[in-house]
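There are two complexes below, and they share chain A, which is joined by chain B in the first and by chain C in the second.
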Partner chain A sequence: MIEVKNLYKYYHMPRKKFFSKETSIKAVNGVSFTLRKGETFGLVGESGSGKSTTGEIIVQLIKQTSGQVLYKGKDVSKFNALQLKVWRRKVQIVFQDPYASLNPKKTVQWILREPLIIHKIGNRREQDKRIIDMLHDVGLDESFLKRYPHELSGGQRQRVVIAAALILHPEFVVIDEGVSALDVSVQAQILNLLKALQKKYRLTYLFISHDLNVVQYFCDRIAVMYLGEIVEMGTVSDLDEPKHPYTKALFSSIPTRDVNTSETVLSGEVPSASAIPEGCPFHTRCPFVQERCKHEKPVKHELTTEHTVRCHLYD
Partner chain B sequence: MVEPILDVKDLDVSFTFPDGQYKAIDSLSFTVHSNEVVGIVGESGCGKTLTSLAIMGMLPDNASITNGSICFRHKRHLVSLSEKEWQSIRGRAISMIFQEPMTALNPVYPVGKQISEVLIKHTKQSRKAIKEQTIQLMKQVGLPRAEALYHSYPHQLSGGMRQRIVIAMALIGEPDLIIADEPTTALDVTIQSQIIQLFRKLKQEKKVSMLFISHDWGVLSQVCDRVLVLYAGQLVETGPISRLVDEPLHPYTKGLIRSIPDRAKRGEPLYTIPGRVPPLKERHRGCPFYDRCRERMEICRTVRPKTVNIKEQMVQCHLYTEEMDVPSS
Partner chain C sequence: MMMKRRKSIPFHIGLTIVMLLFLMMLISLFYTPYDPNMMQTNARLAKPSLEHLFGTDNFGRDILSRMMQGSQTAFLIGISSVSVGLFFGFLIGACAGYFGGWIDELCMRFIDALMAFPGILLAIMLITVFEPGIKNTILALGMMSVPTFARIIRSSFMQTKQFDYVKASKAKGAGSIHIIFKHILPNIVSPILVAATLSFSGTILAEAGLSYLGLGVQPPDPSWGRMLKEAQPYIATAPWYVIITGTMITLMVLGFNLLGDGIRDQQDKKS
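Showing the complex of A and B:
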């Protein structure tokens, strides 16, 4: 349904001295994947890996430096204002902090009505009905209409944010760390709700998260990002047996109940995105590093039609 | 039996509002022994952080200890100390590590200076000795290139490095007890596991005792010996971490553990605890968990359950009585 092709996003840093070379931060560095209708596609990685930037480019909150986002074969970055408005009805984004996404001075009813007014949907009576239906869908009721965000608990706020995202009946929703700020008990409620709504409205999710437990539970396919690149991608069961050294390290870093787990702790930290190592970006931390990894960039290998990995070990 | 380092008995902490006093922590009792790491879990608003603030004597102005005692090394009653006496305890005898290292550090001083500042406060040494000791400490917590990092500012460091600096500062006074409030929550998993290894090393080598607050059962399993489960300011269950994870007794603990998503639960809806933690002003007399419990009985509404010992676990729930040896699932 949505195809992302060779996406790049560079941020240019101001020069420190007049003659110094211009530096740039490579936030997204050649990302390609496709989203299929009705699936949940997970994007994981550590902070600074470019997963949020990718999500924001897809909904065109920011423009890419180069590359394309194709919706039904059309490039969304070339849309004119009118086409963009139609596109915005079809894609929505849910952010991490529900409190920051809701206007504190407006009631829940106003928040849910605003998108309907902007897109000129229905008269007031029809809008009211749609708002109430939506509230029921997310597990709230009419008594919330006149409340303000500060009167709601964290879980209720996130429900309102989801309601606001879905009120235009989008096809595609980007969930950027949408459950990360919640307690586990509330997180479970919201995850169940998202699954139920996905079934009801045939939604496609791009689920961005750093919480690997949640991603492994919730997604159909997963892409693992490191320094702006997808290093491994596959179905969730493919990723149960990760192939890329980074994915292996990442998944084995999840703290588990088993205290005696081997200590495959990744040493060091993610290098800065303004100084991405030459060759394979992971070679500075990789336990299986070879000489060629330092100079030669690994290409994408298809292990199966679904499962791809970018590493010299699979040459 | 050895005397515990920290002994909290029947602790009540109440908030005073214009319309009355409300108990946020309700008859909480627990102990921490030497070289033991005790975890505290619970949802937000259950009193985890408030408990640690009460022990540190840093309660907000409108909160106060209304009942009970906090004994530290069995002689000092922390409840009735003057501000001056507190200063000799904080940092030296008990120190604290917070969740967000950026807010715990001063952004306009180099980190090395901030560590030595604590050393100057607590020891009488020459400048050179202090600097050497600071660098020694920075190496101990696993910071690379400690000499160079000595002069960097907090914003130049990554989250993991900042957290190591904060841990180094907490270790300076060689405290008998370290309170860590969600010390790994803000970190990426790979960095989190590095910090967990550091805590385990400190426990083994420096024999520290810790009170470790977290909501992540995986992290707790990695570092804790025993765990306290708090709900609405009350201790509902406690026991060795492995017992709690494998065979939780209290319906709340069961709910918390069963609602964690993982790959094994793929495809099926997650278990949820309905509702939310009752706000401070809406807590009633009976069992605090009554409104959300799936196994509630009539008695739970009005009578607060007593604490029952079952094997190594302690649970506060009407489902269990003292005679029961094997829990009925």
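Showing the complex of A and C:
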């Protein structure tokens, strides 16, 4: 349904000296994937790997440097104002922090009515009905209408955020670390709510997270990002046997009850996105590094039709 | 996030002074003990007495009546020039803070140019180029406070526009006007309020200064600044004239300063 093709996003840094070379931060470095209707696609990676930037480009909160986001074959970054407004009805984003995603000066009712006013949907009574229906859908009720965000708990806030995102009946929702700021018990509630809403409204999710447990539980397919690139992509069962050394290390770090599992510990820090290593970006930390990794960028290998990996080990 | 509704003592003192002065201004609209411009040549520079509570000036005019009439001018000029300053300051600050980039650069260099002159000099220049009078005084003093407002509003905008609720609203298709007035403005009211209150006292002081120089409000409209100037020659013979006028100006400035500080303290407590 949505195709992301060779997405790049560079941020130019101001020069330190007048004659010094211009540096840029490569936040997203050639990302491609396809979202299929009704699926939940997980995007995992450490902070700074470019996963949130990718999400914000898809909803066009920021413009990409190059590459395309295609919806039904049309490039959304080339939309004019009117087309963009229609696009914004179809795609929504839910942010990480439920404390920052609600305007503290507005009531729940106002927050839920806002999207309907922006898109001029229905008269006041129809809007009211839709707002109340939506509140019931996310497990709240009419008593919340007149409340302000500071009167709500974190979980309740996130329910309001989700309601505000879904009230336009979008086809597609980007959930940017949607549950990371919540307690574990509340996380589970919100995830189950999202699953139920997905079924009811036939939604497609792009689920951005650093929490592998959550992603494995919640997603159909997963892409692992490292320094702005997708290093491995596949279905959840594919990634039970990860192929890329980075994914292996990442997945072995999930705490399990089994004490005998060996954990691959990576050495070093993630290199800065303004100085991405030549060749394979992971070669500075890879336990299986070869000479060619330092010069040659690995290409994408299709292990199966679903499972792709970017590593010289699979040449 | 418990909000304490306890206000500071300075806030209450400031509020009381401002309310009393405002009440005096309101009364003067309907009633003054004497006609403020009526001269009683037989009672020039009369000492404060039951007849003339604050005494009379060099033309035998009742000082209390003129003082009350003068408070109208003070409030009129204070409120209007703060509004003028706020209007242009908001326009410039909001554009600069919201859009950023070269618009920000352009607006801020303009503000820098305004700030390069001391405010009162700028006002004097504007008034000499045009002509003295209440309207031009208001405009000049308004211009004087534009940079302060523009900077405060710009930084509040830059801070607030990064919040997720602004981003989320944008993702829902909201336009700039909607975001500025529905999302950002309601959340930056308190810093603007503090700046406006503090600037109010600055404006009143500046107006007194201008009138003292004869560039502000023109006779026969009474103004505290000009009264101070008129009182100066009689500082030895009729000290009450200077003292009372000076005290009035001080009270007004003090009241608004305390009020502004009080609001700011309260705001700091909340955050």
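Structural remarks
Rule of thumb we're sticking to: the second predicted complex is superposed on the first by the 310 of 315 C-alpha atoms of A that agree within 3 Å, B and C clash if a C-alpha of one lies under 4 Å from a C-alpha of the other, contacts with A are read in each partner's own complex, and residues count from 1 in each chain.
Everything below uses one rule, namely that a residue touches a chain if its C-beta (ideal position, glycine included) is under 8 Å from a C-beta of that chain, and two chains touch if they have at least 3 such contacts.
Since we're looking at a predicted model, the values are computed, not measured.
By the document's definition of touching, neither partner reaches A:Thr54: not chain B, not chain C. Using the contact criterion defined above for the overlaid structures, shared-chain residue A:Glu46 touches chain B, although it does not reach chain C.
More residues of chain A lie in touch with B than with the remaining chain of the pair chain B and chain C. Contact with chain C, but none with chain B, is seen for A:Asn103 once the two complexes are overlaid on the shared chain. By the touch criterion stated above, A:Gln64 is placed in contact with neither chain B nor chain C. In the superposition on chain A, A:Tyr217 makes contact with chain B only, not with chain C. Using the contact criterion defined above for the overlaid structures, shared-chain residue A:Gln189 touches chain B, although it does not reach chain C. Legend: residue contacts after superposition of the two complexes on their common chain; A:Asn29 is shown touching neither chain B nor chain C. With both structures placed on the common chain, the touch criterion links A:His150 to chain C but leaves chain B unconnected. Taken together, the two structures place no residue of chain A in contact with chain B in one case and with chain C in the other.
Residues 56, 59, 61, 84-85, 88-89, 91-93, 95-97, 100-106, 114-115, 118-119, 150, 161, 164-165, 168 of chain A touch chain C in their complex. Only residues 1, 163-165, 167-175, 178, 182-183, 186-187 of chain C touch chain A when the two sit together in their complex.
Residues of chain B that touch chain A in their complex: 43-44, 158-161, 188-194, 196-197, 215-219, 221-222, 242, 245, 255-256, 259-263, 265-266, 269-273, 276. Across the complex, chain A meets chain B through its residues 46-47, 153-155, 183-189, 191-192, 195, 210, 212-214, 216-218, 236, 240, 249-250, 253-259, 263, 265-267, 269-270.
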